[in-house]
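Letters A, B and C mark the chains as written, and numbering starts fresh at 1 in each.
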Amino acid sequence: MTTELQRTVEALLFLAPEPVSVTELAEACEVTEAEVDRAVDALEAVLRDGERGLVLRHVAGGYALAADPVAEDAARRLLSRPRTPPLTQAQAETLAIVSYLQPVSRPEIARIRGVSSESAVATLGERGLIEESGRSRFGAVVYRTTPLFEKLFGISGLDELPDPSRFDPTPEDERELRERLLRAGEQRSS
Amino acid sequence: MTTELQRTVEALLFLAPEPVSVTELAEACEVTEAEVDRAVDALEAVLRDGERGLVLRHVAGGYALAADPVAEDAARRLLSRPRTPPLTQAQAETLAIVSYLQPVSRPEIARIRGVSSESAVATLGERGLIEESGRSRFGAVVYRTTPLFEKLFGISGLDELPDPSRFDPTPEDERELRERLLRAGEQRSS
Amino acid sequence: MRAAELDLDLDVFAGPFDLLMAVVLREEVSLAEISLGEIVVAYLEHLEGAGELDLDAATEFLLLIASLLELKSRLLLPSAEEGPAELGPAEAADELLARMLEYRRYRDAAAHLDRLFGSGRRYVYRSAPLPPELRRASLDAATQAYDPLRLGVALGDLLRVPPEPDTSHIRPTVSLERRLAILRELLTDRRSFDFDDLFAGDDRLTQAVTLFALLEMHKRGEASWEQRKLFGPIQVTTSASPEGR
């Protein structure tokens, strides 16, 4: 019979991003270390019989669950390729701002878009399309595009980005692109 | 007998940071979607028998592993991850309007709720439950729910939300509402 | 306290707010005679006394009072020159009820979502970085997935300056005090006048506020008016004796 403690230990090892020591497990479960030892042993036995997709690893500092090596190739196919779901409007606008104005800070992006753009910036970062490239003179983190960005957009340099004047509603305006974007954003949100 | 495919699926769901669709699983495992369906069913049955610390969740258009709620308290102690705060009434109402009417703009939300809903919209955005999905033809940002919303609310898609007309008062209730008001009026005038 | 229970003591009505709603819906009391401002003041006084803000109750109150305001403005404004047919009091009341029911629908859907969230958040998901061997998402494996034109189009969207906002629906503020003063002055000068002669040229808001002011003067016994037939001319007369007040 599986005990509730054994199930809890499995859940904890599943959730923890790092190996967990017996002491930590005992504290979290509010039981003795001896009880944890028994639960871990039982869990190990269940996982070892090859019926499961997870294996228990005993590493420095404690225990960790890991994916069974049987899944290695499939995992590479699923996870080792860039994720490229369609860009949302917020993401496309944010990426356009970063790619044309880089380096650019998040407050500037928000001013141009007229709305806070935190989650778009975070998602583009997670997908490896943009990255931090230092800080502005006001201390704000500034962003630039990555080599992966160029790869995913099929360009071999920023000079291959489409000429903005092709999409410019008022191409006769000769002021700098950054200034014009900021002014348009302010007018939109006023 | 546990098949290698079932073990691989479990390992992939363990590794993947987001719910994985049957199509993605089939591509990664190089098998048909029908085979994935069978493997997922078998995995779900194994996890459901209450002997394990993990459960299979069908959320946000895919499958994901989660810790069994039996481990909830221990997990929060171990990860020192605070319990997600509950939704306020304003947030829940705003989320209900976005989930049923998406894409929907803030003025429309305010019209239905009868109050400006700026801070509820902002908080739901910060919590990752709603996101911008473009602009209306009047230039207002419109919002929709996110996959995280579906994941946290345990639904596999918006079609799992109940028909909103279910929440309408029955004709009897509506009549009763009127009559109650009218009765109160009569008592008053007698 | 729920907004419905707010106790009111107005010129034409005394009792709880929900009762007022009831008699208005039954058309026993004309909304035109009810001072909504007094209701708001009563509510603010209640809030001050309670010392804390119950957001649900405040939301409910705002919803109700906003609906009443809309209803009242429909009743008071002269019928629209064009556009949808003016709502009669019964239709307006129905619309008020429909508005309240629409809100109720989402309030109940919100309660449903709240339950889903309550059970959903008991499940904790794993949040861990990929193992190193999987993290090296090889740049080499990446192929073009997006069209650079998308960026150009988005940039063009962001460069677009919105057209000058249409301000035709925004009217200058009209002060009730100012309209009262004008009416009193007129009535002192002429003792009687035709409403349309003097105010037909004004915009709708000014006309409505002037009408409000007239109602106020009627309530105070300063003026009376006569309209012999529907949509006919309105003759306004001072109630003061010729010697003045």
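We adopt the following convention: a contact is a pair of C-beta atoms (placed from the backbone, for glycine too) under 8 Å apart; a residue touches a chain by one contact, two chains touch by 3 or more.
Not measured: the values here are computed from a predicted model.
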Task: Closest chain to global C-alpha mean, per-chain Cα centroids - done: B
TODO: Please flag the chain sitting at the greatest distance from chain A, going by CA centroids.
DONE: C
Task: Distance between chain centroids, defined by C-alpha means - chain B, chain C (Å) - done: 33
TODO: Averaging only over C-alpha atoms, locate the centres of chain A and chain C and give their separation in whole Å.
DONE: 44
Open item on the list: I'd like to verify one number: the distance from the centre of chain A to the centre of chain B, where each centre is the average of its C-alpha atoms, in whole angstrom.
Closed with: 21
Open item on the list: If I count partner chains per residue in chain B, which residues reach a count of at least 2?
Closed with: 14-15, 65, 67, 71, 75, 79, 135, 139
Task: Shared interface positions of chain C, touching two or more other chains - done: 124-128, 130-131, 134, 157, 162
TODO: Spell out the residues on chain C that touch chain A in their complex, using ranges where they run on.
DONE: 124-131, 134, 136-139, 141-162
Open item on the list: With touch defined as at the start, can you tell me which chain C residues reach chain B in the complex?
Closed with: 15, 18-19, 21-23, 25-26, 28, 55-56, 59, 62-63, 66-67, 97, 101-114, 116-128, 130-131, 134, 157, 162
- [ ] Spell out the part of chain A that touches chain C in their complex, as residue ranges.
- [x] 11, 14-17, 66-67, 75-76, 79-82, 84, 87, 89, 92-93, 95-97, 99-100, 112-113, 128, 147-148, 151-155, 160-164, 166-170, 180-181, 183-185, 187-188
Task: Footprint of chain B on chain A - complex, ascending - done: 2, 4, 6-12, 14-16, 20, 24-25, 27-30, 50-54, 65, 67-68, 70-71, 74-75, 77-79, 88-90, 114-116, 118-120, 188
